[in-house]
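Chain lettering (A, B, C, D, E, F and G) follows the sequence in which the chains are written, and residue indices restart at 1 in each chain.
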Amino acid sequence: MLDYVISKYNFWIYIILMMIGLYAMIGKKNLVKKLIGMNIFQSAIILFYVSIGVKAGATVPILSGHGHGHEAIEVANYINPLPHVLMLTAIVVSIATTGIALASLILIYRKYNTLEEDEILKIRKETGA
Amino acid sequence: MTGVNDMMTKQSDDVIVKTLSRLLIPFMQIYALYVIAHGHYSPGGGFQGGVILGASIILLVITYGLDNALRKMSEKLNTILCSTGVFIYAGIGVLCLILGGNFLDYAELDQILHVGIAQARSLGILGVEVGVGVTVMAAMISIFLDIATGGLPSKEKNIQGKRA
Amino acid sequence: MKVIALIAVIMTGALLIYGVEDMPKWSDPNSPASSHVSPQYIQEATEKTATPNIVTAVLADYRSYDTMGETVVVFTAAIGCILMLRKKRNGEGG
Amino acid sequence: MDVLYSSRPLWAVLVSMIAAFLILATGEKNRNIRESWTIMAALAKFLIVFSMVPVILQGKVIEYTIVTFYPGLLLQFRIDAFGMLFGVIASSLWIATSFYSIGYVRGLNEHAQTRYFFAFAMCLSSTIGIAFSANLLTFLVFYEILTIATYPLVIHKESKEGIMGGRKYLAYTLTAGCVLLFAIGMIYYMTGTLDFKAGGFIAGSGSSTVLIMLFAMLIFGFGVKAGIMPMHEWLPTAMVAPTPVSALLHAVAVVKAGVFGCLRVILYVFGPGLLHDLGIWLIMAYIASFTIVVAGFLALGQDHLKRRLAFSTINNLAMIVVGAALLTKSSMTGGIIHMANHAFMKITLFFCAGAIHVKMHKDYVSQLDGLGRQMPLTMGAFAIGAIGLSGIPPMSGFISKWFLCLGALEANQIIFLFVFMTSAMLDVAFFFPIIYNSFFKKPLDDVAPHFDEAPMFMVIPLVITALLSIVFGIVPDAFFRFFSLTSLAVQNIMGVG
Amino acid sequence: MIWQLDLILCLFIIICAIAAINVKDLLGAVIILGAYSFFMCLLWTEMGAVDVAFTEASVGAGVGTVLFIAAVSKTKRRSKD
Amino acid sequence: MEVTILVQATDESFEILEKARERSKDVLDIAARLTSEAQSVQRKRVEAIFKGARQTKTEITRFTATFIILFGCWLLLSGHYDLFHISIGILCCGLVSHATHDLLFANPRAGDMRVIVKRFITYIPWLLYQIVLSNMHVARLALGPKNLIDPKIIEFKTKLESDISLVTLANSITLTPGTITLDIRDGVYYVHAVSKKTAEDLLTGEMEDRIAHIFMEADHVYVQDTLDMAPVFVALK
Amino acid sequence: MADQFAALIIVVPLIASLFVPVIGWWKKRLCYPWVVAVLVIPLISSLSVLNTVMTTGKFSYRLGGWAPPWGIEYMLDHLSAFVLVIVSSISLIVAIYSKKSIEDNLPEKTVPFYTLFLLLVTGLMGIVITGDVFNLFVFLEISALSCYALIAIGEEGAPMATFNYIIIGTIGACFYLLGIGYLYIATGSLNMADLANILPDLYHSKVILVAFAFFTVGLAIKAGLFPLHTWLPDAYCTAPSAVSALIAPLMTKVAAYVMIRLLFTVFQPNFSVNMVPVMPILGWLSVMAIFWGGIKALAQTDLKRMLVYVVVAEVGYIVIGVSVANRMGLTGAILHIMNDAVMMACLFLVVGAILYKTGTREIQQLRHLNKKMPFTMAAFTITALSMVGIPPACGFFSKWYLILGTIEAGQWVWAAALLCSSLINAVLFFRVIECAYLKPMEPAYALNGGETKHEEIQRDEAPLTMLVPIVITAAGVILLGIFSGKIISSVIQFAVPASF
């Protein structure tokens, strides 16, 4: 059992992080907190992907004798590069989403002068919008 | 607008911060360019370099104030750069298309570069990394300016416009 | 709301943990993820693109379409912020 | 059976649709051009339809496929004798109605005339589509178009009652449409085909429970338009529509389409044999006879002339359904030919009601005293129609009632004989007072003592339809060959079943 | 890979994550988020994903934090939860 | 009666005279001002021409200096010394120095760059030595009895002028353990010192003197400096 | 060269969007003609692709010239080509329409608006055309981000709606990303065709099961399926007219397309239908969506808000077609993707035109609209009839196939839901039609004791740039209905996965 837990502990970590992030996204009332949760959520997924790529006994996927490539390349020596590639994209997507979300946050603050979800809902109800 | 906080966009009056960032920014930029140019051999590439480039300008905004920074990098230029970057990327792809290959097939670039297919691909990668870098830099600056100023990057002109 | 959030989160987590059970052991060099597509990248990417950093080679050549997409994402975000926030310079400040 | 492939059915449908759009394009400003479209389309349509009658009478079938979706699922026209009969009724009466409508709307100076004529043309187009459709899907398509095309006519007055009537109409018919859609989907799933076949095609494709349910759904779907008793409620409320519309609704297009659908279901989808086996024919007949009697009694209580006519319509339509449901050769003949006969007689009656409305602005039975002196032609035609509906010999109504009664005897169901008799008595009871009052009672103050008819546009059509119903009483096969078509249809059905 | 280091980093990350969503001062929360990103990037370096770590260091811990601070300074610093 | 009228008349006449004098004074003033303004404009124009020339010159020097520094940096980082990478490097350094040459050398002083660099390099070992010393002191503080720790904020006015020297001093103070620069406001340093000794060390002003020496500031202009500066002045003239 | 049309579909709007800021900098007025002119090219390209697919069968386009599991490819079969044509034509129509609405409401934001408009179109088409699950995510994000920004510039309450959309949309996208991760860890591949080959051996793995669950939930969020639709009404309702006319027809439909793609192409039907209990769940959820959407729509007095809830219900239609999982149902679902796109486009365009001309969206205030805006109202009426399911209009045919599908699957309740929904639609739309066409609905009628003053109502039709798209879509509603047989027999029956 312990062996089982240890052999996959990084997956557990990522699941815990993801749950924290998701909880903040759904459960927190403050909008900035939601965004913080979103960032945590996204980087948890990235952690998951990075863990997929890990190979025991392998090194970073940069060949040392660059450019020649005549010597045989041992696949087992290099970490799987594909998840890294995917995650570069995912990180950029996450920052872009954060940017847009923060911009809308400022619009919201301008309109309601608060960032608490319940207060905004109250204001909207009062104004009948 | 209520509660305008200019913390991020007015000139800092701390001499230490100002002087250090003044000295740091050129090195940040050269490092960013190095990261873009050496993405083939070491970690890094268009994104990281672009973000660092953007960060250097953001630092300029934070320490020297918006107006000084905008003198170096106006909004319009920034927007144009933003699309130029993507255009470099997509343009290389279309160039491959025009040369008879599929979209983004850098091997076709060999027809005009004459350096061998592998090298052509390498150069293609460099080209797109530059495109990525330019876009990311401009985009980061643009997003930061919009958020930090609440959409009025050149504030003083705006106030004058209001008075007039 | 918090309770609902907690329930939803726990359910999601439970589902994910359920899936973990059948995953290959962590850092297993023979897992499908490491043995299906990626070996060929490691073997031929440098040779074919003259780029020792395999990540860069895959990012900007094999999957360059993805990368173009992500550049466009950044571009979209920048234009999106401009659309949402930026006001005309000498306008009435509306 | 010989099949003739021709695009004439399509043109018969399209001609009035094209006319409808021409009417819309012409608009309110050029009234004469607009109405000439209507008349031209009516004539053209009649010619196209009538040109196909000889072919049908030779025992051939005309077919035209519009599109094929999947095998067995297609939009197709196929004209057999039964469809032809309905087509001829509709297209011939449209001519009369067109002229009459022009007189009516001009006489009353109605608003939104363009919309009126547009909807009218669309109605006719879809009615012909219904008549010629080869399968249930095509039938449903045109049936739904008819539903919607009739809606602007029902709400034409745009008064509160008109809108309420329109809502009720839509509620009933759209619900029916949904039920039909489901039932037809079921049938396609079960049999893989939807083509009408004389004598039915559905037998043996499902358990009897399922088949009975399907039958109930289909009869409900079509019965709503046909005004079978629990679903008749919309029909009297829809009487707020202008009279030509009521004429169209109750004599030609809508209700006849419902009855036509019921008959198609009974005779061409299920078929006499299957209905016998399932034992639901009798239930069907009982329900319809209930409608006959109750509608007759309700009609007695109506003072509003058009409402009285509406209940009379319900009564007569149920009679047609009973005729089909009895499943004997004679009853079928009676039912089918009654479709034609009733159409001519009832349209005459509505035309008369409309003429009275236009001329005298009178709507109630009790206001008609002595009107026969001022409007002898109108009231004469009314008398002819009423006598015909009561089944008195020289008129065409007699022939259909005769066959119906024969059928009841053939089927060994004496009770229906009594139903028909009662119905005839009731007809006499609610029509004869009108005739009597208008001709023999002392005229009311506002009735002019001299001859002063409604516009000729209105009178001539109603006289012609009245005369035609006499002619059909004497020579059932005259002009339109209704009798031949009927017997051909019955022959097809019985020949198989 | 040293699993002890791994574990410590993971622990830090989780602590940072929980702190980031629980601190009432938004500026503080944002800074903690930056620290979270930084630890995350250490963890990834340790797993061999240098490119990803580099990106996260510049994007997540760098520009991301700056954007958050800019937004918070434009709006409200206190949060109710 | 007449007397009073006479007195009044006299008063009035004096007033009129007074006014006339004031007005003439004003006119004279204005004339003088106009002349001086015209002169100053003339002077400014001449100055501007000189300044422009000087500016272009300093800009070129700044650009070159920045470029050289950045390119050195690039070569250090790069590790690929083929033609392709070097040319990319030149391109990049050119771009960056074009964009930022006014940042790296924002307030150039009359001084020889080489001297400053030379002195700065010699300053570093001294600073390191100081750091080691105070490290040991702080270690003793940390390990020894607690009562030696006596944190307080000291403030002192500095004679340094330029930004760069102010920052160098502040960073040197912060780098030596035990002291942290909190703020510099109007030439006054606010420093947090952990113990009495560190504070006293700082207040001797040795570090300040050395930094002033590096950047050739205040009254620490040695003979050597003037000699260094002579060719510069010659060049300017 | 014919193959290269596939590349043009994405590349042209993308590069064109880059030039919009430049053009806008030079002359603002030129943005609009530029966008319209540019959007013609993807339409032509996608038609050409459809033509190629119809004549020579499906083909793939390798980006960068790399072989599929290593590089990214476009997967062009009947389904994707068909949806591409829909997306490109609707976006062209909406682009033509957008002129007045943007010039009047957001004159300062023309340039970024059109940039994002093109990017949104690019994103949607990228989603449809790609054959790589991760690439799909990237384009999903492009479309989502541009959509967020476009919605946020809407009316009162738009920022909050946008924020909710961002949060929920990001959860959806992240779930999708998690699904990809789980698939990747089990298979090592990202290519759809490759995955379809590998997956059958792994169907009993829990990883695949979880991946499937996350895909489904993520896409259900994106498509706005019933319990996960909460972001949809506010976001679509507060967006500017031109934006909601683009996203309401396309966003949810494209998500539904992805659902079909994943459920039946990446995973085999035999897994999705037989091995996981997802189909009944989806089906029942869509039944609830239909009823909930319908009932909420009935409660609205605001025309646009009513339509937004109808969108929720329409998503239910398509998902029912997917979840009956038979040939007829899928035919109906795919046909409904097209029909609903056209109908929704028409309805939202009409609402936009009404708002532009009269400044109101309240149903009760639409009086005399048949006189003021006869063509607009005629278009509305035609589409409304189509929504109700009156035959020659296209709505009937998709409903017919959906019902056939439910009957074949033996799901009577689902069939009943579809039927009820057309009745609800009838109530909804005839309410509007009565208000717009009939006199007694005006309050003056009651006051004057049933007689209305005869007042001359001037015709005040929407400008031509608005009217033409409206008329085109309305004509499309009829024509697509009439030619639906042709469309089904030549395209859709091949688009339905072959294993049915």
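Quick note on the criterion: a contact is a pair of C-beta atoms (placed from the backbone, for glycine too) under 8 Å apart; a residue touches a chain by one contact, two chains touch by 3 or more.
Keep in mind that this is a model prediction, so the values were computed, not measured.
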item	value
Contact-graph separation of chain A and chain C, given in steps at minimum	1
Selected pair, greater C-beta contact count between B-F and B-C	B-C
Chain centre separation in whole Å, for chain G relative to chain F (CA means)	64
Rounded Å distance, chain E centre to chain G centre (Cα mean)	38
Distance between the centres, which are taken as Cα means, of chain G and chain C, whole angstrom	26
Inter-centroid spacing, chain F versus chain C (mean Cα positions, whole Å)	48
Residue numbers of chain C (touch at least two other chains)	16, 23, 27, 33-34, 37-38, 41, 47, 50, 52-53, 55-56, 59, 61, 63-67, 69-70, 72-82, 84-87, 91
Contacts with two or more other chains, residues of chain A listed in rising order	9-10, 16, 22-23, 29, 51-54, 56, 58, 60-62, 66, 82-84, 86, 88-89, 92-93, 95-97, 99-100, 102-107
Overlap residues in chain G, where contacts from two or more other chains coincide	14, 18, 21, 63-64, 134, 138, 141, 145, 148-149, 152, 178, 184-185, 190
Sites on chain G touched by chain B in the complex	4, 7, 11, 14-15, 17-19, 21-22, 25, 61-65
Residues of chain F touching chain B in the complex	66, 69-70, 73-74, 77-80, 85, 88-89, 92-93, 95-97, 99-100, 103-104, 106, 163-164, 166-167, 170-171, 181, 183-184
Complex interface listing, chain B residues touching chain A	1-2, 40-43, 45, 47, 136, 139, 143, 146-147, 150-151
Chain C-touching residues of chain B, taken from the complex the two chains share	39-43, 45-46, 75, 79, 82-83, 85-86, 89-90, 93, 103-104, 106, 117-119, 121-122, 124-125, 128-129, 131-132, 135-136, 138-140, 142-143, 146-147, 150-154, 157-158, 160-162
Residue numbers on chain G that touch chain C, as the complex places them	14, 18, 21, 63-64, 66, 69-72, 108-109, 112-113, 115-116, 119, 122-123, 126, 132, 134-135, 138-139, 141-142, 145-146, 148-150, 152-153, 178, 182, 184-190, 198, 205-207, 209-211, 213-214
